[in-house]
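Each of the next two complexes has subunit A plus one more chain, namely subunit B in the first and subunit C in the second.
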Partner chain A sequence: MASYLSGLQSGLKEALTANRKVIVLGEDIVDPYGGAFKVTKGLSTCFPERVISTPICEGGFTGVAVGMALRGFRPVIEIMFGDFLTLCSDQIVNHMAKFPDMYNNQVKVPLVIRTPMGGGRGYGATHSQSLEKMFLGIPGIKVVAPSHLHATNDILKYAILNDDDPVLFIENKLLYPLEQHVHVFMEQSVEISGYPTVALRNFSTGKPDVTIIAYGGLSLEIVPLLAKLHDDELNVNAVFPSSLWPVPVETLTRYGAQCGRIVLCEESSAGFNWGSEIAALLYENLHGKLAAPIARLASASQAIPAARQLEIKTLISAQDIENAVWELMS
Partner chain B sequence: MLVNNRPKCLRSFFQEMTHIRVVEETFLDLFAQGVIGGTVHTCLGQEAVAVGLISALNLDLDIICSNHRGHGHFLAYCGDTSSLVAEILGQPSGVCGGIGGSQHLQMKNFYSNGILGGMAPVAVGMAFAEKLKGSGAVVVQFMGDGAMAEGAVYEAMNMAALWKLPIMFAVENNQYAQSTHWNAQHSGMLEQRSESFGVPMVDIDGNDVEEVYHTTQHLINEIRTQCTPRLMFMRTYRIGPHSKGDDLRDPKEIDLHQQQEPLSRLRKKLDPSWVTSIEKQIRQEVALLVANLRKE
Partner chain C sequence: MNTVVVRMPVLNANEDQAIIVDWCIEDKKAVNRGNEICIVETTKAAHDIVAEADGFIRYLVKKGQVVKNDQLIAVITATPNEDYSDFITSLEKSESATTERKWTKKAELVAKKLGVDLADLTAKHADSVITEADVLEFNKSRFVGKDLLEDANPNLRPQRILLIGGGAGGGAITLETLSRIQHQRAVGILDNNAALHGKTIMGVPVIGNNNLAAELWQKKDFDAAIICVTASIIDRVTIFNNLRDQGICFANVIDPTSVVKSYVSMGEGNLIMGNAYLAPFCVLGDNNFLASHACIEHHTKVGNHCTFGPRFTTSGAVTIGNQVKFGMGVLVEPYLTIEDSCLIPSGCVLTQNLPFNSVVKMQHNQVIKVRS
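Let's turn to the complex of A and B:
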């Protein structure tokens, strides 16, 4: 069984093996160091010409990857911490995302930007954020964020080898060591090619009482919460899309319609986030079918503190989600 | 077929530069008439850079990354006036179907974008790609003096030199960025910066088309054979407005530069009767082309 990390490692290796046009660039990614989170460990030893450590210039080497993609390569870049995506934003928004459209589809930019997001490790305000919400809704790019219920190997390989659109691939720091969670009460649907939505329920037959919709690192909190709620005899379905943008809206609507009680959870700071858009879409599609207003949970709108006890209070927790679930049932 | 088989004599340089001048003056007219919107940045006075440099490239192979002031680069690259004019007029037959517009042109190995400095790292990536392919192509990345205040440019120079990539940074120092004189926004000497990254620089008169042509030939040959970057620093002056409208520079200053502008310098070296007839011919050709496109 693969872990979240080993799936990413093998996905990269298999992509490099499958297509000579795959190039991997990033800071400190070559062996023996193998990347800050070891996702590229071993790769430069196998593919010394195609796995390249860059200077510390995230905007610059993102641009380099865009140029390589325009000239026929399929580059993958690693941004050491997702927080540093702000430095790449001009290349992402005004170059990578724009070229295919604004050049009338005369060019393609098949490029994957991988980066870890999320807190819980005491790294403090500038190394713990979930900034993917800044890139949601930008025309011309996809934003993908697998949970540990997804096969990271398959999703990453698809993004690198098969997707001709640029993909922002969000990993989660706390998920890296986890084995992929598999369960008989799990089902997968693919509305956005290559990027499945996985749903895990805590009951064998019948309907859910509540549907939780979340993504990425929150699977770590939600899988044990489902077991706990099972003991409390509450039927809960937890749905994890791996595609944040575009939104697998029919899939989410279908799950939301099963009970009309929906909790949306994400780790990013509250306000103008993923859940805002998902809630709006679900309200449009489920008008009149909701048993209660949609609950939206996120982390506090403040800088994430470094101190353990303060960080815990800032980030969304399993307790917050559980409280919201019971609130919906009351 | 691109234009690299054209003769490289003074007459052909003059012809191409005049063609660019006339097309761009037409754009300014069309803008004033309200026929085209948005913005147009013309390279009036900088045509020697476009024509001299691009004439020295292998256009079946080499790659051009241009900027907001790119009509001249584009015409010197492919000579396809009709697809440029159609693009600016917003027509489907435009080089990017009218979606790109003046600052976002793409054809074969030509790419332009309107974000100052943003194409520098992209161009470096293209050079990296061509080096890995072993194609022998050189990438030329155009930028102005103003763009040289952007950090992306220095990230790009560092990587180009570090990885020994076939790229020429082509700086058009026309002294101004929009309304700001270069010495009001730069500390130190622009032309000295690249060498600290290990990118050798050549400083030339960008209004002398022959000098631009021969220097480019020499530098491109060095880049192609040694696979290392170079910077060509070209001194020029924009005799037209920054974009379509107001120009707050001292008219006396502009007048002074009129005497140094590349077309009037070249004109002096050519037979006056040939010059008169070719200018007339180009004006007629461009007027006819624009009139026909506007009927569509």
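Let's turn to the complex of A and C:
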């Protein structure tokens, strides 16, 4: 069984093996260091000409990668911390996303930007954020964020080799060491080709009382929470889309309709979130079918402290989710 | 002074352990708050750990050892040779202690909605966690027989009947009979088929398993029971004896279309269906079931726990023991004695006495003579 990290490592390696047009760029990604989170470990030894360390210049090498993608490569770039996406957002928003439309689809930008997001490691305000919400809704790009219930190998490989659209690929720092969580009460739906939504329930038969919809690193909190809620006799279905944008709206609607009580969770700071859009879509599709207003949870709207206890208080927790679930039930 | 613990602090966000490089103070020696105790090293730097209290240092790990974040490194005691083992034990205990749950949160939620006080259930569920099902079960039993008008005039109300084993056909025909009787009223059904619990039959709730009768009886939720099991005599006997041991009263439920003549004597717990006929001077014990059109002729005596199929007929002065099972349409000649536990199939014509535990076989097409 692969871990979140080893799935990414092997996904990259298999993509480099499968297509000589795949090239990997990023800061400190070559051996022996192998990247800040070791996702590229070993790759430069196997593919020295196609795994290249760059200067500390996110905007520059993102632009280089966009150009390479325009001219037939399938580049993958690593942004060491997701917080640094702000440095390359001009390339992402004004170039990568727009070229196919601006050139009447005569060009493609098959570029994957990989980057880790999320807190929980005491890295402080500028290395712990979940900034993916800044890129949701931009036409022309996809934003993908697998949980540890997803096979990261398959998803990353699909994004590199099969997806001709630019993909912002969000990883989670705390998930890297985790084995992929597999359970018989898990089912997978593929509404957005290549980017499955996984649902894990904590009951064998019957209907859920509550549906939790979340993505990425929150699977770490939610999987044990499901077991706890099972002990408290609450039937819960936890749904993890790997595609944040575009939204697998039919799949989420189907799960939401099963019980009419929905909790949306994300780690980013509160206000104008992924959950805001999902809630709006679900309200449109489930008008009159909801048993309670949709609950939306996120982290506190403030800078993330480095001190451990303060960071815990700032970020969304399993306890927050559990409280919201029972609030919906009462 | 209380014993104070010294733990490995988190020194680096990327590491969960450090190495003890050296002690700054010897074991059991005095330390003052702020003194350096030891030097620890991560992959990035060496750090001093300082005492947070005055006392005597007592090391729990060895020099050179790799220590996890939050792991105990030492304790600081008030005296140099104090025994701190109990302190460590209680510390470990309090860290591993989990609060014991008395009920699930779902049970708590449902109880709140239904107005059930979970304290009422804790005695019965002292050894187990109270579940949602327990609360629902308790809630159902709370409302049996509670009636705003009838309970205000208990002496004048119809007798409240609880049907035991009433989830199948026997229960249905009993309910139909009770619906046409003015002096009795069905208030609840017990049945061991859990699939029926929480549902109603002819508007009467199926409350729980048969063994719930004692609890309902103690709460005075019914006045008398009737057993509706017809297929198994053993079950009828067991249930009857159990309930009677607990002081529960039984009703005779007699369909209004049946005829019970004068001078008939009857025990309790008898269930007598439509168009049955009990002739003068016959005697019926306890817990018998008479299906429709059963006829017990004059001076016939019936024991306890017998079942009679439809159109059973005795002639006069027959004696029937206990736990005898008759099929449909059995005919019994006068003056015969049928002893306990006999089994007589449908259509038999009994012309001779049956000893204890007899099983009768019906002979069809018996050739008595061949015509010339």
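Throughout what follows, the second predicted complex is superposed on the first by the 330 of 330 C-alpha atoms of A that agree within 3 Å, B and C clash if a C-alpha of one lies under 4 Å from a C-alpha of the other, contacts with A are read in each partner's own complex, and residues count from 1 in each chain.
Note that in this section contacts are C-beta pairs under 8 Å (C-beta built on N, C-alpha and C of every residue); 3 or more make two chains touch, one makes a residue touch a chain.
Note that the structure is a prediction, hence the values are computed from the model and not measured.
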Subunit C versus subunit B on the shared subunit A, clash or fit after superposition: fit
First (subunit B), second (subunit C), both or neither touched by A:308: second
First, second, both or neither for A:91, with subunit B first and subunit C second: first
Subunit B versus subunit C as contact partner of A:329, first or second or both or neither: second
Which of subunit B and subunit C A:101 touches, first, second, both or neither: first
Touched partner set for A:231, first subunit B, second subunit C, both or neither: second
Subunit B or subunit C, by number of subunit A residues touched: B
Which superposed partner A:61 touches (first subunit B, second subunit C, both, neither): first
First (subunit B), second (subunit C), both or neither touched by A:73: first
Distance of closest approach, subunit C and subunit B, by C-alpha atoms in Å: 30
Subunit B-touching residues of subunit A, taken from the complex the two chains share: 23, 49, 54-55, 57, 59-73, 75, 90-91, 94-95, 98-99, 101-104, 106-107
Subunit B residues touching subunit A - in the complex, by the definition given at the top: 63, 96-97, 99-100, 104, 106-107, 111, 113, 115, 118-130, 132-133, 151-152, 155-156, 158-159, 162
Residue ranges of subunit C touching subunit A (in the complex, touch as defined): 10, 13-14, 101, 104-107, 109, 112, 131-132
Subunit A residues within the subunit C interface of the complex: 121-123, 229, 231-234, 306, 308, 326, 329-330
